[in-house]
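A quick write-up on the structure given underneath.
Every chain is named by a letter (A, B, C and D) in the order it is written, and numbering of its residues begins at 1.
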């Protein structure tokens, strides 16, 4: 059994980790911490876990994280990097669901997250946690920076085109739409039901923290410079991200369907849809699957890719467990076989 | 033109007052106050009012409320009673959309709202603002306590039965369902989209502040003591209240349809639905109409009444304006003729 | 492995059976029939099953149902009773998710479903499939009538009070609210998003087919005659039923919390909530759990019970599998351990 | 008073016409037709109109449309062109809310709508009904082709850029999102609440009928050829369209904010938002306003425009009445002053 610690378990990624790990045959959650709610039973805060999770939140100080095999950070940005040195020194491996270890360049991190990086030397060895891009490196990683929800969909959607050098990588557009849970478990007026339901809006056009992450990831696989226009939108639904991706084709004759099917052949969690079809977000609800369709819009020289994922699973907790499975030599799908909930 | 002041205009009842008054031919909103947002343009906070409302929020101190004909309090409980004496002394009439002037018994107010009443002598003269129950008294009132959203639907639904002495008033049940806007414009976790949507729950069973208001209102029209079991529920919709009301019949042969049609004949905002039909909340969305249907469930001795209203209009701002129209001798429907928005 | 046939798999109960059975360690779905969609791949109609279900719908005639151990009918009313004799004669056991085997009285069935019963002699032996009420009988049943969604919540909510003789069984009120999926996978105007969302309504007050089912089930456990007023409502959510149940108490001093905890002690799928708490539908979303809370409303002699379930799981497909587990001597929770999806 | 006939009033554009016209001071709806529902009271089908609309649907044959001043066609495509000759000959003016008179090229119409055009000679004189583009022509039009919902938002969003020759008109992208009511009042499975809510998807990528309409409209105002990639998406909300528009800039130094403010100065229904802000669909709910924001995404040479409208008002019935006001010399805003309903 893998001994697991969770730091900051009161958000949606935390409860999703608990939901998935409680049914993971090799996982044993030893401790879950929360400054604010120490002492509270987990199942009292999340009645959906009654009968399945018999833990209480503990003070970070009282959690013996160093005796864990792996620690998940489901915290705000800046927490993981503060504890990473001590844990790594103790032989504990880390999966950070926040942004501390996503951007390889400390200056870039500082620019977007407005705080100095606490352990640049660990940042240098941290592995970016998209298995479909970094599988081998993740196996041996001591620290995995688990990707953002938008970047997972956007990168995996553009990836085959960029790797194949088929598109003008300086004119990419990612028009992305996310359910409200992507904003986290927060008491914010603009996220309240009366404000967010029966409504649709764009936001973050002037600059979103997931932007540099997308550019970095695609840049590593591209022979040419990568520029992306990234436009996030808020959808009145709980879970789900849909990314509508536009890329100018350099070769109009390429067989895009074959390209995508070849690139993702054998990937357990990537489903390339049949030619001509389109995925909807509910088709992956509560599962770790990402479904992709690639199209050629009429009267254009563009490739149009539509990718959907559950922002809390493949976009967060599920991918974190997929990474853990790799890090500990387990079959990659262990504990992640749940079928999407439809309707 | 009626010179109007609005105290505390940043909530949903405040913006709804502005939406309705901006198209009221006899209304002139002179000032709208907000401690927190003084200086902010109203249309900046509420883009829906761009081009229609050219006011900024002002400090309560700077608002010359005493030069108004009427002041609406769209504030938390406790504010109106603190300013009532001064305003009334200045000849300003008051419509309080909060609870300060709803409960005639100061002790009862104190018990439910956990604060002493600041002006019991004015409480004694305040009129409870349901025109269909108190029309004449409202015309001459200096202070109107505008009812709660649930009490409006529950009282108007039970009223014909209670007035006619047809039911056992000690065994009334009001199973009520409200849209989320009824909780106000608040940053609260339990009201967030991710918590409240695709979900349904009861709340406040142990005691809700609208309970004594319902009992008081019906008690005044009943020859027998009134007891009500009141169960509020939260519905994943923005606007609307539906009250499902159960009353044990003393006379099984009464013509309930005729009773309701007679009681509400000529009422401009009460629509008694045809026999056998049922109203839905969207049929009154954004309007001041309350629709009622009365039924006899099979194999029972109960009267079953279903009443729907828009909690922000007939349940709050619309009824407040209906009261204002009465207080200033205007046709009762002035500025309230809007047709429900469907779909 | 249990060899399973599913008749009529294109509705929501059908796809839910497939979702659950695909991960059931002892289940092997041999055939799934559909007249209309014979030949279509299941995963083409339900992309959520891509990669998990590798079956195509077949003509009922071509499905070798007699070689199955059990056949689930996820069909409209009237289909199961037409095939029951032949299947039972062949030694196949039946779980009917429709109403053919719910009402023990053929005349009552005929009255509510407007068709003669095709096999009254089998109706006589059929077992009503609520394990918490009929566990032993279900183990040996050849035919199980799987309950309706409303009746499951209403009966299990009232049951402890009725069995204990604590309430006036002639004055029960079940004010029930259901998500839209309860109406099935249908192209009906009143179920369309533009009609049903941001809206709330009651329906079926004049008589609902689940009414006699509730009365029958409670009547069997009651020493006194049972009368129930049943008021269904449609909630703008996909899954979930919440039943608000009112029962006049004969004994005001009874410890209701202790009564419910004792009655359901050891039940794997019934969760009696802690005193003073209330369940919401999302706390059981996509799981087979039914959560119950019992309260005493202030200033009343009523017991108030709130019960929640997922109408497609404990209210349909999940309970059907729970029954199958009992019928084949498997642990009752096999394949039903999934944790509710929240948010 | 303008004597009005409505052909096909049982859809959402029909009921929206009735809602708006019932409060239009110069409008008198003389007749509303429906083959299917002739004889039914309008208010019986749409309870929201109880007390406001006292008409019944009549057989098209029995409606004396020739005595009307104007006839609105709120019908499926193909109906208006069948009656246009007779009505125009009788001096009746026509506003078609369907597509019969939108595309100037009969061949193009035939290609997209799969039917020959019944009156090409009238098509030649028909005016495309976006007042902000064709105001003068509309005043004198005998036939107005009222635009589609998507094309209204897409054209008005791109228009200032295209007219000014500031963008590469061959590489325009319109990523559009619509509420479900845009699909009409239909009993279709994919529009049902259980299918469409808590979900998001793209559709019609291979070719949507609104595509040629957008290209035609912008082409008329462009000195260069126009190519648009148009990607519609379905949003789980009732009303509202949001268009996210991307246009490659030819001149990076242009003051886009000033351009848009100048282009739409004095337009009563176009609201250019302050620099840096973004509109949401609810800010125009149930009103005829279209709000636009123009941005320059970081690290790109694109203009990004976000436009929102209510698809049933500015996208359909409201714009039709705006056209009628122009055609009959009324102030353009008559009957369209309603303030958006928020929340």
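The definition used in the following text is that contacts are C-beta pairs under 8 Å (C-beta built on N, C-alpha and C of every residue); 3 or more make two chains touch, one makes a residue touch a chain.
Remember, it's a predicted structure, so these values are computed and weren't measured experimentally.
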Key: Partner chains that subunit C and subunit D have in common   = A, B
Centroid-based (C-alpha) most distant chain relative to subunit B = A
Inquiry  = Can you compute the centre-to-centre distance for subunit A and subunit B, using the mean CA position of each chain? Integer Å is fine.
reply    = 46
Task = List the centre-to-centre spacing of subunit A and subunit D in whole Å, with centres computed as mean CA coordinates.
result = 39
Request  = Starting from the mean Cα coordinates of subunit A and subunit C, work out the distance between those two points in Å.
outcome  = 37
Note = Expected list for subunit C, residues touching two or more other chains, is 12, 179, 181, 185, 194-195, 197-198, 236-239, 279-280, 282, 285, 343
Ask   = Once bound in the complex, which stretches of subunit D touch subunit A?
value = 171, 173, 175, 177, 179, 194-195, 197-203, 205-207, 211, 227, 229-231, 233, 235-240, 242, 244, 246, 248, 276, 278-282, 285, 295, 297-300, 302, 304, 306, 343
Query = Which subunit D residues qualify as touching subunit B in the complex?
reply = 12, 15, 19, 22-23, 46-52, 181, 185, 197-198, 238-239, 271, 273, 277, 279-280, 282-287, 289, 291, 312, 337-343
Request  = Within their complex, state which residues of subunit D touch subunit C.
outcome  = 12, 179-181, 183, 185-189, 191-198, 236-238
